[in-house]
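Inspection log for the structure reproduced underneath, given as structure tokens.
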């Protein structure tokens, strides 16, 4: 990439199982306000923010054109606003395009989701399937994940015990992250005894129902210093779509993740992913996904997920210092929250969980059943 | 003078389905695939040539969460980068903005954008009503229907003149729709029906009558965008995107005060003024050779003409009355028939850009403007008076 | 009686009462008038009430009706049998409605769908399709006349004239026919539907062929196979999946909207005020959009005020919160409550009786619900102060 784009500010609400006391408009304004305050950015048509990229979903919000409700709260009155309706990490990808195109100098990104508002998020994800075949069969993102989990465990040798270790590690990290939702420490035994909700997925293998919002300010290279002295640079972004029908794809092949990673690494000049990243944030909605996505990202060898866990690699590779998706972010902004943690770490503002000297980070997001769609973002502090 | 851009972007492929009230013969991805195939054929490309797919519609109209996942089988996004952007009625225009940005950024050389809606699969007015705040206005709103504009125009220009102009524009648009085989509604209206329609077309809200209002349609539109280098290599007549602007506003509270209340500039006028300023366009009516406007009703179409073209007083009424908006007139408006002729919402605003581009190419068929079209403007409308404007050029000479 | 799409207006109304579904018409007390012009048209009224329905053909329409439909016979039959899109006919002005539109939209719940009676196929039905079934590629350079002499019940005589690659059909038999088919009407139908074997019929003398036998043998090629229209339609019928999707929701009100709703429970209308521009927001929102700042202070306004705009709605849309079709016409209004200025208006419903009486500038006051729960419905509507 020739020119560069910087993340100059990041804010998150903190994540909760039921943020009942706030409308999502207020959740969003709670994080837009400090971005304005800390960076001094304005909404001036010539020199300030004139385009805002939001991320939300009509079905979760139960509102046609969900961004209509957000215009006030994200400062878009008499400014542009465009909604990216997929995992919010793709709003960063699109924001990158808006700045690199020359169309905008500054982009404000605001993603929100309140999973608690609907009766069941599984009912929402059931609606992601075609109405004729998969929907009546009762598929949702959880039970399809269970199919993938079983297939992956058979292939990689990852066991129920390994998954317990993944969850315990997530909680250890989350305990040091004030923004995380599920912060109570767990023992492996507790995880192993938690009820099976969708074999082989146990209750504690699932990310908790979560509400929250994340905002970021992207700025072109020439103007980044106006807003921060700690810019974090976007050095590569790519995503990739896999087939829709489960029978059309290799459930354990990580096809779209490998493609997305390969393209993002090429743009960022990453040659040896297993060595180069100081920290990695993967979007693990279910415990089996932590090792599986790490394999797909090329951070451990193919089929080496169990060995990585056994060898303490989650810790040494600084995987999900935020606690990861397993510690609770809402579906629409899981990847955006991963990116937020990576930015916070690269800015050196991660407090007790700070990775010392972190310079290069990877953030990952995924959407759809069994990882149909993956997004990969590479960030650098220099 | 011009808005800065990293590199130029050309439209090299356009595909539209027939627009219709019902398409039970195809499901959603199949309908999308029709438009995608037409666009690929038009560009002389195959799926392998596409780097990235941008998808958009309003998920609650068909009640599908993240429909781009299922629709992959129709868009051909398998193995490719993909984005999904939605902004209500402006979605189709936002898809064009997104594709333009993605190509101009240098991230992708060739991008396919697809907008669609199968409105028959849900309840459209109910769906639009659901955009209102569930706690407050959802039980007050009737979809996108309001008589406010008709009321305001009648107060400003007198009942007879305002109603006559709105109906004249409606018939003008139907005359255009009759020339467009893709249009969903072409009634064959004639000017001798004007008085009858003014009195007898059923009322929806106030003076907004059924005949004035857009339909709900099924249909899809796909467009292919390429970098300047690729566009010149792959296309004989690429149409260049010069600039685009998006302006939204808060929800429709704090509106409709007393007559003497100070009115803020409309989003349409604000967007047009900013866009024209930064591109050095002093007289838009003379500059543009065609304007494809998102006209959800003839009243809005009439009122917004004044805003988009930065007109004053009754200049816009005179343009209708003097036949200046018809094909062959001074500024042909919606040669395609416009939104009152076909409205597959997630595609509608993209169809405006697609039709404007076809006019520049000279490929609009029966509704082609007879004189050369070099400069075109397309508008999108959605949400609470949101607007998107896209400027297209025949030559890279601005 | 003029027939359209295989049935008549009279046929449709003659089955109206037996198609009544009392369970779809609970609580309905209505008279629907129909004014149907054109050949085969007429005036009818359908009364619905007390779990019963009655249909009458009239000379003139009743003065009192709940809703009236005005259309022509062809459009009416076409819409009833699903061959004409009702909404498009309505938009094109071929159907007009007066009175309560919502009641017309409820009719499909109150009456089962009309299915045209199945009539046995006649020899006439079949022979009249001869021109459509004609395949010119098998009749090049032919200049012939083919006679059809159908005897017995349902019989009749026709001549098919084939010349210059074209086929026309005339009633009656021409002189000097090239070939003539003589068969009973009943046997002809069976032959054409494939129920009677042609060789058997010919061999047994039930089918007589007189004249050019070579041409007679070619006839099954020159005229394509007859397919009854029902079968033709059955092939085109598409399967459509109907589904009502609902996911229960729990919307937070938050402190700002929450305080507003608490006010409504005490019959108070609270606006919040922007600390920068001083604008009052009704209903209150967390943020002042133009100033991009929080609006924390609340003031009580109204409850009375002045109308600034009225929308009178005739379109019968469903209430998204209940799914029930709203009774039309109804009015919504914007009110400048006492204490508000400029565009600080409040949006709500107008009392039904005031719809055609109230004007911008009139004073209105809220009518409160007896039991208030902290919702938009705590105010029933605004009424004109007289």
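For clarity, chains are labelled A, B and C in written order, and residue numbers in each chain start from 1.
Here is the rule we use: a residue touches a chain if its C-beta (ideal position, glycine included) is under 8 Å from a C-beta of that chain, and two chains touch if they have at least 3 such contacts.
Please read these numbers as outputs of a predicted model, since none were measured by experiment.
Central chain by Cα centroid: B, whose mean Cα position is closest to the mean of all protein Cα atoms.
Chain pair with the larger contact count among A-C and A-B is A-B, by C-beta pairs in contact. Taking the mean of the C-alpha atoms as each chain's centre, chain B and chain C sit 28 Å apart. Centroids built from CA atoms put chain C at 47 Å from chain A. Rounded to a whole number, the gap between the C-alpha centres of chain A and chain B is 34 angstrom.
Shared contact sites, meaning residues of chain B that touch two or more other chains, fall at 63, 129-130, 133-134, 249-251.
Contact of a single residue of chain A with at least two other chains is seen at positions 59, 62, 71-72, 77-78, 124, 127, 131-132. The set of chain C residues touching two or more other chains comprises 245, 249, 251, 253, 257, 285, 289-290. For chain B in complex with chain A, the residues that touch the partner chain are 3-6, 27, 53, 58-61, 63-73, 77-88, 94, 97-98, 100-107, 127-131, 133-134, 244-251, 267, 270, 274, 382-384, 386. Note for the complex: chain C touches chain A at residues 241, 243, 245, 247-257, 285-290, 292, 294.
On the side of chain B, the complex with chain C involves touching residues 21-22, 24-25, 63, 123, 125-126, 129-130, 133-140, 142-143, 145-148, 151, 185, 187, 196-197, 200-206, 210-211, 215, 249-251, 253-258, 261-263.
On chain C, the positions that touch chain B within their shared complex are 85, 87-88, 90-93, 96-97, 238, 240, 245, 249, 251, 253, 257, 261, 279, 281-283, 285, 289-290, 306, 308-315, 317-321, 332, 334, 336, 341-345, 347-349, 375-377. On chain A, the positions that touch chain C within their shared complex are 19-26, 29, 33, 36, 43, 59, 62, 71-73, 75, 77-78, 114, 116-120, 123-124, 127, 131-132.
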